[in-house]
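Below, chain A partners chain B and then partners chain C, in two separate complexes.
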Partner chain A sequence: MTVITAPDAGTLVTPRKRGRRRPSLLIALSFLIVALVVICAFFGSQIAPFGANAQNLSLATQAPSAHHLLGTDDFGRDILSRLIVGARAAVIGPTLIAVGALIIGNALGLIAGYVGGRVDYFIMRLADLVWALPGLLIAIVVVGVIGGGYYVAVTVLIVLTFPVDARIVRGAALQQRNMPYVEAAGTLGISPWRVMLRHIWPNLLPLVMANTFLNFAFSLVALSGLSFLGLGVPLNTPDWGGMLAQNFSLIQSNAMACLGPAIALVLTATSMNLIGDWIYERLSDRGRAR
Partner chain B sequence: MRARQISVFLARRVLALIVLLLLISFLVFGLLYLAPGNAIQVLLGTHPSSPAIVAALKAKYHLNDPFIEQYLVWLKGAVRLNLGVSIQSGQTVTALIGSRIGVTAFLGVYAFLVAVVFGVPAGVIAAMHSRGIADRAIVGISLLGVSVPAFVSGVFLLYLLAIDAGWFPVYGPGVGFVDRLWHLTLPALALAFGVMALIVKLTRAAMITVLEQDYIAFAQARGVGPVRVIVRYALRNALGPIITAGGLILGVVLTGAVLVEQVFALPGIGSLLVTSVEAKDVPVVQGFTLLAAAILIAANFLIDLCFLFIDPRITAGRGAQ
Partner chain C sequence: MTAGAAAEPLLTVSGLRISSRLQGTDRVITVGTSFSLAPGETLGIVGESGSGKSMTARALIGLLPAGVRAEGEVIYRGRNVLTMGGRELRQVRGAEIAMIFQDPFTMLNPLMQCGAQIVELVTDQDGKRPGRAARREEAARRLAEVGITDPAVADAYPFELSGGMRQRVGIAAAIARDPQVLIADEPSTALDVTTQREILARLREVQRARGMGLIMITHDLRVAFALCDRVLVLYAGSVLETAAAERMEAEPLHPYTLGLLLSDPPVDRRLSQMAAIPGSVPAPDQIASSCAFAPRCEWRAEPCTLAAPPLAEVAGDRWSACIRIPEITPEMQRARAEALAAQVGQDETAALPDDAGLPGAVVAARDLQKVFGDKRQSGRRVAALKGVTLEIGENEAVGLVGESGSGKTTLGRCLVGLETPTGGSVVVNGVDTRQAARLGSAERRRLRRTVQMVFQDPYSTLNPVRTVGSTLAEALSAADDQVRDVRRAVAELLEQVGLPARYAERKPVALSGGERQRVAVARALAVRPRLIVCDEPVSALDVSVQAQILNLLTAVRRELGVSYLFITHDLAVVRQVAERVYVLRQGEVVEQGSTSEVLDHPRHWYTRMLVDSIPSSEEAWLEQASAAEPAPSQG
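Then we have the complex of A and B:
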């Protein structure tokens, strides 16, 4: 969205050419935010000034102060600390979904694009079916009835994401299949698996990476919605969507208890989307990128 | 000849539609058995158990019959809109959903209209000035729309315009059309934000592709006015991909409605789903799921029908393609 260049219509550019453009300030900021969130996900409980579940009822529902930068919730728990520790739930689930869909989707997409045949037909019909399904709604029903919370939701979202990934990878793999280097590799007697993974796949890497970031953002939004409805992580685990729901009633006494997690959620998801779009932008004309 | 092709096309679609509905109904019925505990425990809910009640439930739901027969009995009822009784309230599922669907339909249509009225022109403008300042601003806003969950935009709107400024009511669906319109404005805006982002993205991508076509350049060269080129030549051809995504858009609206109704405490079917899920009220969840699936399938069928009118190639037969 921020880089303006003449598009190389539809074709994948070689990696070397792309390196020339430096990311804009907005993209740099996005990377910074994502890095911060990831650091909080790993070391959250060490960084946080208070324990995420440490209650102090005498300091319940306080407005932001020097001591509690974002104030406290109705149990006297420090909002900032819960935000920092909550980064873990915001990173683990979406990462699992993005990476899970990446592995399954890429394997199937490569097979569909390079080998074709029945696998191709099957995967395409599956993608057609799944493409328009409301993933979060299905997750709400399944998790709501079966139970199992977060990880059942993660599984449902992986299942609903990978066919679409497979279709994207298939399209790109089809484009590559007719290139001379693939033909050459086949003529040399290199096994199909090796051609797919070592020859074709590296050329799809920018597309795959971009898509993985977009999947992360989408999954974060979906999972937070689930937590907002009380179907995500267990009640005591700090989670941005869950915090928003629990502190909703405090919106008049300490708005930050409610808006803090909302802002964290929006910043992280926006950054991920910006990074994903930026990678897409670098590789092809935006109009036909998706 | 043409009429016959259309009827073959329609017959195939209807057949596929029925098969899909049957498949989904089977999955929805299976929900009862996927819930933790056995079917009796699920149907009892928090009610006290006694041999007489258990026997009555078994008889009513044919629980002693084989699974397939139970499904057929359930399906027979479902076809007649008899989806059983809510465990929580004792009302029939149909009555419960019927009493609440009005709010959700109002909210959904309102949000959809807002999203289309703002989204399509924004997408067209962005495509016309591709990579210019207007394009970047519109794409930026729509990117924010994808990143902000409906409940977050709902909370922000509620805080800024209802609680802080006091311009809008904080909760409730309102009575009468005008009052309801006023009450549902904030929820509809919250819902429309994400939907609009999707529509902008689809419109922009389709328009950019169409505007590159030779017939657009030719029309401009012939001296056709800019408005006519954009609306009659470009937008009409760009509509295809946008309408195709109608099912996707409807899914986003439905999902968003569940979250937004929760934020604004609206008595729609979305909040019914949430309370039913919390109470493990499986018959109501089944009813909701079946309804949502039926709506989505019907919408996709209507979209296929639309294409009969929009795109003459579909009915013109293979020779013309």
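Then we have the complex of A and C:
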């Protein structure tokens, strides 16, 4: 059809297939920890050697032994079993918060960054307003006053977290908005929604994913903090933060009763952060023009 | 290799091999460059992107980035720069060998006054820092040397100066410690054409006055021939040819050099078809153990691909890496003669009547104005367009030339609908876009699609996370959601821009700059526009690829009858592609008319200045620029 053909560059420029870099040991370990926690979250009650709330007062406050690997608390409940079952609260809440903040924050951030003008101003002032609130304090007050637990705490934390996402996404979207490929999509007559979702958002994915993992870790700690204070999770539901608070007095007799949940919290949160970083690097490599 | 001059060379480079190590794999950057520089000599290193020219320059001064290694020898006054330690290097840098960088906008510290930057490291005979008054005096003297007589410049911060002024301050700072060798890495590339001439003239003046050796790194053969005594052609890490500038210009002795010369569009006449080198620049690893240019060479033969041919003396002090030179010289001469003779008969341009555009204009702008900035703060308002009237007819190619800041890009963006004019009107297909708000959104989008745009930067024009196919498919369905066979339609589009259909599966990162620009053209064509605004479509591409894209655009127009608005600073490009041209200066059209009329007989002084600023190897070109003391323009 045309007279000019581009040379077959197949031999010269091959699609760059990078050798799949194997994740480092640290990342592999992080994945392992998170996988364990997730399995426990789903099948905790089947895996746990004892019932999480099974009391045996004759075995109260025992140090770790072959029978009770992490010992028991002052009601004679098996610490390991409570840790395993408690993983559920450690996964569901933070996941809901991270995903909720992702959806709300990204939608608002994209609109603010792409549409700009008054819409941007309004959304960002809203975000500023939420940001100006003393986050955890509000959560404590709201959950304390309303009572009613875990999902109220989760909702409050979503509201407190999404402005961060909105702000980050808005900044990145502002940068993308003036890229020629976004402008070209506009001149082709593609609808603004499609431009935002199909052209801009996929390019923000590394940032969004990394931030979502950070949010997960943050909300895990925040939720545990609330239940440490006795807010959120009902008392009879095993929860790492709650265990930490309840077993604090046992630190002399069975240190594992309170070190166990503390270690579980720190490991899970750190692993999620590391995985977030790793995903960010992987995704930014992909398709980037250099 | 000989320096050509009898004098003892200042700098001798032999077997300079630069390689980088990234993620465990070695990548070759240059395969063993050798040259020397005599005092007072100007050596041009000419190469396209990826040729290794900038890395070579950096190696000479020990400024290679982390992870990049240099082997071989760079001998300066009996010492090897490559093996020097940090302390020794710092003594050589600036004081013995100095460097000027490409970007005058980032090269100077934005928080330091220009005078202070120039004399920052200047010391007196005892190695002591001179006093405040002495430093000021020194700065003024240095600025005068690069043609800045206004003493206020020494107290100015870089942001207060124009690009050309900054580059001159950069030169003054580079030579402040009286180096023997000056390396200039694309010193004029980021500047406007008129400023480029000034800077090159200054460089040569300073060099002659001091008898410095000058190494000029550039991608532009025209610039190299204008300024340099000797030229070294670098391609994919290998030196392909080296010779005295005027002899190389008269008769290139390597197919690549010939190709570069031929694909450089002439400014004085229009060619029906530009000679283009097929393909794109390979990475040095990909052409190891064969002639670097073999994959793109029309005279390639068996022996070319067996081993990398060494640089050999093919005539008196003419060095070429082409082993077939004795056989193919007559053919190369014929090719050059044909290209020089090739000229569009006036008939093709004349075939389009001069008033073709006027009645059925596809797009017309009337008294178009655009003011940027806050309406309430008059101090912050910048008028980019001050009442521009322009028309583009059916199947017409119109050029729009001007320097940066002339408003040419703003005008293009107003026509496409990416900017909203603050005054005047844009009429697309007979519909005033101011009334577009009253149309339905579908109708409005159809109007928008009438005018499409091809952007300058091939690296951000395509969405990096989407494949070429999905980008094109989306464009196709935006215009017509009843496309039945999208795959076939995408393949047809790719074929139209000369790419194989399997490119649909690739992501932009796997394409070269030229290929990306082809996809960008295909995307614009997908919605069947009547006008494509091309904003500097080739200025970011390698010289050898530019001609391919220009030829493609011409062919597309012949086939589909689409109109073009070519926004460019390059008059030679305008000559090749446009029938009519508008010259824009500070938001106003200062001259318009048929391309040949405007370029051959410019009436406005500004047009004449643009025409004169095209690099030429005639001695007078630089002399005139340095004779005419340019008014130091601030802001």
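As a working rule, the second predicted complex is superposed on the first by the 249 of 290 C-alpha atoms of A that agree within 3 Å, B and C clash if a C-alpha of one lies under 4 Å from a C-alpha of the other, contacts with A are read in each partner's own complex, and residues count from 1 in each chain.
Note that a contact is a pair of C-beta atoms (placed from the backbone, for glycine too) under 8 Å apart; a residue touches a chain by one contact, two chains touch by 3 or more.
Only a predicted model underlies this, so the values are computations on that prediction, with no experimental measurement involved.
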Chain B versus chain C as contact partner of A:E183, first or second or both or neither: second
Touching partner for A:P234 - first (chain B), second (chain C), both, neither: neither
Contacts of A:P192 with chain B and chain C, given as first, second, both or neither: neither
Which of chain B and chain C A:N203 touches, first, second, both or neither: second
Touched partner set for A:L244, first chain B, second chain C, both or neither: first
Partner chain in contact with A:G147 - chain B first, chain C second, else both or neither: first
Interface residues of chain A shared between complexes with chain B and chain C: 1-2, 4, 286-290
Contacting residues of chain A [partner chain C, same complex]: 1-9, 11-16, 18, 21, 179-190, 198-199, 202-203, 205, 286-290
In the complex, chain C residues that touch chain A: 23, 276, 278-280, 282, 286, 295-296, 416-418, 445-446, 448-449, 451-453, 455-457, 459-466, 474-475, 478-479, 492, 495-500, 506-512, 514-515, 518, 520, 523-524, 526-527, 548, 551-552, 555-556, 559
Complex interface listing, chain A residues touching chain B: 1-2, 4, 131-134, 136-137, 140-141, 144-147, 217-218, 221, 224-225, 228-231, 241, 244-245, 248, 251-252, 255, 258-259, 262, 265-266, 269-270, 272-274, 277, 285-290
Chain B to chain A touching residues, read off their complex: 31, 34-36, 127, 130-131, 136, 139-140, 143-144, 146-152, 155-156, 158-159, 163, 201, 204-205, 208-209, 245, 247-248, 251-252, 254-255, 258-259, 262-263, 273-274, 276-278, 280, 282, 285, 288-289, 292, 296, 300
